[in-house]
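Right, one structure below, let's go through it.
A, B, C, D, E and F label the chains in the order they appear, each numbered from 1.
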Amino acid sequence: MVHIFFLFFFLLQLLSFPSHAAVQDFCVGDLSLPEGPAGYSCKKPAKVTVNDFVFSGLGVTGNTSNLIKAAVTPAFSAQFPGVNGLGISIARLDLAVDGVIPLHTHPGGSEVLVVVEGTICAGFISSSANSVYFKSLKKGDIMVFPQGLLHFQINGGGTPAIAFASFSSPSPGLQITAFALFKNNLPSALVEKTTFLDDAQVKKLKAVLGGTG
Amino acid sequence: MVHIFFLFFFLLQLLSFPSHAAVQDFCVGDLSLPEGPAGYSCKKPAKVTVNDFVFSGLGVTGNTSNLIKAAVTPAFSAQFPGVNGLGISIARLDLAVDGVIPLHTHPGGSEVLVVVEGTICAGFISSSANSVYFKSLKKGDIMVFPQGLLHFQINGGGTPAIAFASFSSPSPGLQITAFALFKNNLPSALVEKTTFLDDAQVKKLKAVLGGTG
Amino acid sequence: MVHIFFLFFFLLQLLSFPSHAAVQDFCVGDLSLPEGPAGYSCKKPAKVTVNDFVFSGLGVTGNTSNLIKAAVTPAFSAQFPGVNGLGISIARLDLAVDGVIPLHTHPGGSEVLVVVEGTICAGFISSSANSVYFKSLKKGDIMVFPQGLLHFQINGGGTPAIAFASFSSPSPGLQITAFALFKNNLPSALVEKTTFLDDAQVKKLKAVLGGTG
Amino acid sequence: MVHIFFLFFFLLQLLSFPSHAAVQDFCVGDLSLPEGPAGYSCKKPAKVTVNDFVFSGLGVTGNTSNLIKAAVTPAFSAQFPGVNGLGISIARLDLAVDGVIPLHTHPGGSEVLVVVEGTICAGFISSSANSVYFKSLKKGDIMVFPQGLLHFQINGGGTPAIAFASFSSPSPGLQITAFALFKNNLPSALVEKTTFLDDAQVKKLKAVLGGTG
Amino acid sequence: MVHIFFLFFFLLQLLSFPSHAAVQDFCVGDLSLPEGPAGYSCKKPAKVTVNDFVFSGLGVTGNTSNLIKAAVTPAFSAQFPGVNGLGISIARLDLAVDGVIPLHTHPGGSEVLVVVEGTICAGFISSSANSVYFKSLKKGDIMVFPQGLLHFQINGGGTPAIAFASFSSPSPGLQITAFALFKNNLPSALVEKTTFLDDAQVKKLKAVLGGTG
Amino acid sequence: MVHIFFLFFFLLQLLSFPSHAAVQDFCVGDLSLPEGPAGYSCKKPAKVTVNDFVFSGLGVTGNTSNLIKAAVTPAFSAQFPGVNGLGISIARLDLAVDGVIPLHTHPGGSEVLVVVEGTICAGFISSSANSVYFKSLKKGDIMVFPQGLLHFQINGGGTPAIAFASFSSPSPGLQITAFALFKNNLPSALVEKTTFLDDAQVKKLKAVLGGTG
């Protein structure tokens, strides 16, 4: 039956196939156009190629020769416009021995971490009762950090560790608490008043992290 | 014409008015039923009264006789189940002279603050460049704090201040950084490692705020 | 330990701090750029100042010398672009003695009202059974009006009343029923046919409110 | 190649096919379980049959022997639990000659109307400037009514009209303005105060529509 | 009382009516402006007319003289910009005798189908257990197809059939499986490897449907 | 100043710290309670431990001794209830030499794939023009697959490959096209009619994959 079906309509199909106008399967970000609350404007579909959906930047080891002996390499919509509007993004974490991703939040999304090399001690703090949830994660373990809560990752072993962190937003943000407090021009008196920290401590860390005021 | 319309159908309407089954206009939270990702289960509509939509708890001055000389009185869905599922909630802030709402985030929503008494110095820190945005607000001024970002409010005058903070979620959460760090059993070594704070500072604040470890 | 940590890396941190590309913490509306379904396009982050997040327009008493003896002063995204994309906005209500905010809806959001001066009688009507929920609110009381439902506010005392209304949208809209019916060119016959009102009544109110047809 | 592929693994596949745990493809509403902000609880997938996804109630002509000479037959999640959680629903409109769906809103969703029989004059009123948009629709025409705005449908011809209205919510609600004003116990004085209507008009319509007070 | 109310304020209302700035009731798509993840940019409200909300394209019988003896006529945001941003759209299906809408998905939304002429056999396949739900639908029957699942519609009678399909998105997309496999340049070897189909079958259908490789 | 601040209020803080009622930081799924459209009901916060947020199931190599020489090990909300309600989940892919994840969709979410071992050839097909986007991915490369679109992954090298796939939903679903067509009781005639496949091909694959009818 199907054979006859095809034979009979072989010519017809050349004439009048139902054609469907473009629909929005994806919205690769065009960083040169205006940005809106939902993300970047879309690149014209005709100019989109497979390279817009592939990113090789996470294949490179992050530079961990720094204060925290760690590196975060994001593939958020600003770096990887292919995820624009799709509700997801990813980043690579490199933690040298003794490395740490300091206490931080992602204002715009939840995170799932998967350890692919080494051991990572990770944890988060809930808002309701300041409860602490932390655990040592070995290769292949995953941990979820609910949206907006303070969390951290520390190399928990004697070898470098690598992990991938996925986010429920193409642009989750990253606010490292110590940097927010000490790596800007927020006046020391305000920091002290709003954190209970001593003046000496605040000034010391401002010096270390490059803050003023 | 309308007159005739009514006279003619006066009896008919008693017989066969289109009747519409219940629809979900609201979902007053029933705190005794299971909670889901979108909020509490709904109270049966037949049991809902106007009192489910009205809350008088914010008419009372909060107790500011405490460490921070301030009080936050929430009307989130846990206190005011009428907002359950509606994408909004509100809280009252009382700031005695020298009072402060310490640096904190709301993991689940943005905030608009309106000052109704006194003067409040408020600010927030962006995640991208640790930029600081702060200003002194007088009665009637409003300020918006984007979702998940660190912010604070300080009494900026010589008299008590009152404000109302509205949130884009019925359950925005409240994570006070100092409490998250020092008012729990998060080991001091972890706090130090993830914040760059000195051991003495951490132990001192743990003692003050009631933390252990 | 932390001390050594800092001393050792004091120079290193100048070289290679992990730097994070801009992320979308907020999207202050640029009213000169195209608007989309999610709101206005964003002002360039570099041009954003604290003044984009602060609005003083609600500190001024609204002009109540009008038909309704009341005023609504909105701080929606069109007036206060700082809330663009953040799922929240606010408005000030002024009700002179005998003032009324006539029956209306906000097509795009739920509302929480907080009374800060005087007494307000407020209520809403559910859609499922045309149930009425109304109550007299005193200073400090809050009431929630679920999305899209008809509601009203009336000065319920002998003194002026002030309230702040927060919304679960940066642009909730405001559709006053009487204005929608009588303050435009909707033909009287259509109004009558779709509301059951008498022709005389419709023409009288069209005259009062400035409608034609 | 594919042939060999199959032959070789013919036995293997009986042993160890990757099996995937249940995921939530749909959530047919179980009206006996608690309802939440996102809709009804789900019927157990094992008990779901094709009949949960099919509804024949819209194939029946609605009873138009009533005041409005019209009928709305909804297939919202309360009547058709298969749409629960899926962001869509539908209703059938029957308009006898001279029939009207009076001015109303759907608090929870936008509507697309498609006329399948007869002629319908439909329109809506915007909130910003009380602008009126209305037009006569013939068979096959569609019209969209944006969320929460007042709109109406009137039989515009000399024969019965039928239309289907789809909604962007499984439970959009339906608030008919005249019923909200006159078909309940909302005190006449409040109706008059909040709508500018005359006392006589209000009492007359309360009598017609079955309201009290 | 209301009479006096009006007489007294007759002049006043000319002076100082509360006026409300434009708010976003709708966002008719302007296809010439940048598109974003949430849809097209909005046409200026002042240029919007009722014709932006009405579409007559679905009143025309689709051309079914083709391979599938069927036609899908969409009124998605690309064809009917009035639905842009409103979470809904619609399409017309025409199925000649023996016509079929081949197995397909809508990546971006759920669908409700209503049969308005003839008989349609429709079904979908769940992802969790590959369960099949299908049924013969007569005039007036509706069926819902949950988001993203494979489904089909076949003319189940001896006369042409017509249906309207509504979607929970203004741009739901349409991916016909056979066209995705055979009507493009996806190499035959890849098709075979990822579908288990025989080489001969793949090449035959590529020839019929116009694919290469 | 801060020192005096603390000394002075040392006793006070024991008395009257502002305490905040529980808020919903997370909603670990309780699979024994009713499920709703937004996910599983929440486990009581008091019973939640760190183990609810950690999952070790992805650390184990999937069994690839099967027809497709591949395995998908999901950590969706059904397997890893910690992600319930958080808009994210993850799965592990194991591809033996010649292994393939056949053409499939995730009805409920977008996917980001990161290759952690070996080489994977991956691609997807757009709905608008049946365009194909595919590329060979080496270790560290990521690729995004927009929501609901057909895609596949094939081992592209001579060694086993491993990847992690993150999803923008805690329960994205997985619909493998060949299984949906041939591994159930969908009648062969319907498969043929809706896919253009030959009867012999359909019956052969039904036999191989365990389908009937």
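By definition in this document, contacts are C-beta pairs under 8 Å (C-beta built on N, C-alpha and C of every residue); 3 or more make two chains touch, one makes a residue touch a chain.
The model shown is predicted, which means the values in this text are computed figures rather than measured ones.
Visitor: For the two copies subunit A and subunit B, what rotation in degrees overlays their C-alpha atoms? Round to the nearest 5.
Guide: Superposing the C-alpha atoms of subunit A on subunit B needs a rotation of 180 degrees.
Visitor: Same residues or different residues: which describes how subunit A and subunit F meet, taking over half shared numbers as same?
Guide: Copies use mostly the same positions to touch.
Visitor: Counting contact pairs by residue number and requiring over half to coincide, which of D-E, A-B or A-C is equivalent to D-F?
Guide: The D-F interface is reproduced by A-C.
Visitor: As a quick test, compute the distance in whole Å between the mean CA positions of subunit B and subunit E.
Guide: Those two chain centres are 40 Å apart.
Visitor: Can you check how far apart subunit B and subunit F are, centre to centre, with Cα atoms defining each centre and the answer in Å?
Guide: 33
Visitor: Counting only Cα atoms for the centres, state how far subunit E is from subunit F in Å.
Guide: 27
Visitor: Mark out which residues of subunit A touch at least two other chains, giving numbers and ranges.
Guide: 6, 20-23, 25, 34, 36-39, 86, 107-108, 123, 127-129, 134, 146-147, 149, 173-174, 193, 196-198, 208-209
Visitor: What topology does the chain contact graph adopt: line, ring, star, complete, or other?
Guide: Basically it's none of the tidy shapes, so other.
Visitor: Determine which chains touch and list them pairwise.
Guide: Chain pairs that touch: A-B, A-C, A-E, A-F, B-C, B-D, B-F, C-D, C-E, D-E, D-F, E-F.
Visitor: Can you name the residues of subunit E that touch subunit A in the complex?
Guide: 34-39, 62-63, 65-68, 70-72, 74, 76, 78-79, 107-108, 171-174, 208-210
Visitor: Please give the residue numbers of subunit A that touch subunit B in the complex, ascending.
Guide: 100, 102-103, 105-108, 123, 125, 127-132, 134, 146-150, 152, 154, 173-175, 177-186, 190, 193-198, 201, 204-205, 208-209
Visitor: Okay, in this complex, where on subunit A does subunit E touch?
Guide: It is residues 6, 9-10, 12-13, 15-18, 20-25, 27, 30, 33-34, 36-42, 84-86 of subunit A that touch subunit E.
Visitor: Would you pull the subunit D residues touching subunit E in the complex into a rising list?
Guide: Touch residues, subunit D against subunit E: 1-3, 5-6, 20-23, 25-26, 45, 49-51, 53-56, 58-60, 75, 80, 82-83, 86-90, 92, 109-112, 114, 116, 123-124, 126-129, 133-135, 137-147, 149, 164, 166-169, 189, 192-193, 196-199.
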